[in-house]
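Here the structure comes first, spelled out in structure tokens, and everything after it is commentary.
Going by the order they are written in, the chains are A, B, C, D, E and F; count residues from 1 in each one.
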Amino acid sequence: MSKIISEFREYREKMNNRLLATENKVIKRIFNLDTNTFMDGALSSREKELMGLVASMVLRCDDCVRYHLEQCYSKGITKEQIVESFAVANLIGGTIVIPHTRRALEYWEELEKS
Amino acid sequence: MSKIISEFREYREKMNNRLLATENKVIKRIFNLDTNTFMDGALSSREKELMGLVASMVLRCDDCVRYHLEQCYSKGITKEQIVESFAVANLIGGTIVIPHTRRALEYWEELEKS
Amino acid sequence: MSKIISEFREYREKMNNRLLATENKVIKRIFNLDTNTFMDGALSSREKELMGLVASMVLRCDDCVRYHLEQCYSKGITKEQIVESFAVANLIGGTIVIPHTRRALEYWEELEKS
Amino acid sequence: MSKIISEFREYREKMNNRLLATENKVIKRIFNLDTNTFMDGALSSREKELMGLVASMVLRCDDCVRYHLEQCYSKGITKEQIVESFAVANLIGGTIVIPHTRRALEYWEELEKS
Amino acid sequence: MSKIISEFREYREKMNNRLLATENKVIKRIFNLDTNTFMDGALSSREKELMGLVASMVLRCDDCVRYHLEQCYSKGITKEQIVESFAVANLIGGTIVIPHTRRALEYWEELEKS
Amino acid sequence: MSKIISEFREYREKMNNRLLATENKVIKRIFNLDTNTFMDGALSSREKELMGLVASMVLRCDDCVRYHLEQCYSKGITKEQIVESFAVANLIGGTIVIPHTRRALEYWEELEKS
């Protein structure tokens, strides 16, 4: 597996565990809500992941983008669809989103290789 | 038609026309790009409008939210789907999105009445 | 009661009710979490409301600011303390926060009169 | 004078006075700094006002935009130059800036009429 | 001392010195204001540091978060209180704050070890 | 050439090429628009780069800041002028911009050495 993928996953898992180990109820519930929100409902979980991806891009959070790219990848979204999501995010969020798009594309292409 | 709908549409159209009347090429092209970006492609225009809605909500732009609500409405998206989009935006963007969600719901319900 | 206070409260309550009437579970839970997060714990609810106020100011959400001003007022926070909170928010968030501070001060002074 | 201009100026002046009347030293100094920052230096005050305008647009603060439009107007900046500033802000900040650009153009055209 | 702590402190100090060496008066005054704003007043410096922490988290600035964590630590704020601050920030700012919370918790736990 | 300069340029060029290789028309046009927007017009390209720099700083995008610093450097803008731009950005955007200013100054000083 590529180094940027494994490093992201390991740090994320390690620190999520330490966050949950603090036994703060609000944080625990936010984590649970996060799981529930993206489940199939009136909108499919695939659609919601795409929405989560674009929201993360316009808010310019690289780690959030990576997380949603992983979810999109696991749901069979194609590269062409991902790149169209990038286009939506760059149009709405402006060229300030471009550096995050560069990193997002790199991560996506690593996911495809893995 | 409801007053908040007609006022939004009229002001938006009037000022877009005045913006385009400035003959600034960059602004013209951004307006054209806006139209092209949301057309059917690898992702449907329906999916892109939902992404545009959530992006507008987390960036907390009421007028952008209204615009995408109109597009979603014209594409047959249901209220239950819209409310799930609100949920995604409120989870990712936090409770700071709630006041915008109140206004978005009001606008959507006006669209349904119209 | 002042008009800006009553209008804010009425619209907020009316639309919160309509939001909850959609029966979306995620939104319901976010509303519940909101109540729980600000309860007394390792930090007092008074301290958390001050934190909520400053967070709302730097994120520049007038309605969120109003809501936290009401909570601060009901917890006996003084005007001098509120203005020091404004100072923290304006320093961290920059002069872009000034217009929101003008509206926040107006709302606070209306609360004091009421 | 147009109503949107006079209302903006009056409310801004009234509430700035009330803010300064709180005698908070940090807020006073931020107001002083604001005056000093935009004075002629290695960059002209005209250039700094243009920078302030674009910063206000990408941060999407309508009142800040209005303030800098007034400063730009008083320094003899032309409409064509203002519209090019709008273009820079819309490119960098994305289409989320468009609604603010509509209101900015309206305000500028009112300034020209006044 | 842990590497992430010493690297943060050294780079911060080195570059703050170089910034102040530019002899720009506005930047100097902003640095002075920063010191004054967080001093004891109507609110305690401890309370203001907690407000600064939450503001930095919702604005998602890792270095600002680290700085305020250091201040909170030196003022005897407990881990349980810090984690409640994280909860407030994640609720208000949304899940987009989670990656910053992971890094904040790591930094705090390093401070406790040091 | 300094390592932070060469690494920035290489990664930026490599990933821009891969982005353009996706053949997404919207992204291509945004890249073209980016070039056109900053050309001489009613405002000089030098003025627009300064505006782009301040916009990037208040939006807190380090890579965008680096890009505009390079453009400013190539147009003969002096260090004193750059530092005044930093001052404008820190005033408007607040102390949350300071960490980005530290990195911006470091990058600028590397450009001067190169």
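Things worth noting here:
By definition in this document, a residue touches a chain if its C-beta (ideal position, glycine included) is under 8 Å from a C-beta of that chain, and two chains touch if they have at least 3 such contacts.
Since the model is a prediction, treat every value here as computed from it, not as a measurement.
Taken together, subunit B and subunit D share the touching chains A, C, E, F.
Chain centres computed from CA atoms place A at the largest separation from subunit D. Remark: rotation between subunit A and subunit E after Cα superposition is 120° (nearest 5).
Averaging C-alpha coordinates per chain places the centre of subunit C 23 Å away from that of subunit E.
Chain geometry summary: the mean Cα position of subunit B and that of subunit F are 30 Å apart.
Between subunit B and subunit E the centroid-to-centroid distance comes to 36 Å (mean Cα coordinates, whole Å). Residue positions of subunit E with contacts to 2 or more other chains are 26, 30, 33-34, 37, 55-56, 58-59, 64, 80, 83-84, 87, 90-93, 95-96.
Shown here, the protein chains touch in all possible pairs. By the touch criterion stated above, subunit B contacts subunit D in their complex at residues 11-12, 15-16, 18-19, 22, 24, 26-27, 30, 34, 55-56, 59, 61-64. Residue ranges of subunit B in contact with subunit F, taken from their complex: 25-26, 29-30, 33, 36-37. On the side of subunit B, the complex with subunit A involves touching residues 33-34, 37-38, 41-43, 47-48, 50-52, 54-56, 58-59, 64, 78, 80-81, 83-85, 87-89, 91-93. On subunit F, the positions that touch subunit C within their shared complex are 58, 90-97. Residues of subunit F that touch subunit E in their complex: 60, 79-80, 83-84, 86-87, 90-91, 95-96, 98-99, 101-103, 105-106, 109.
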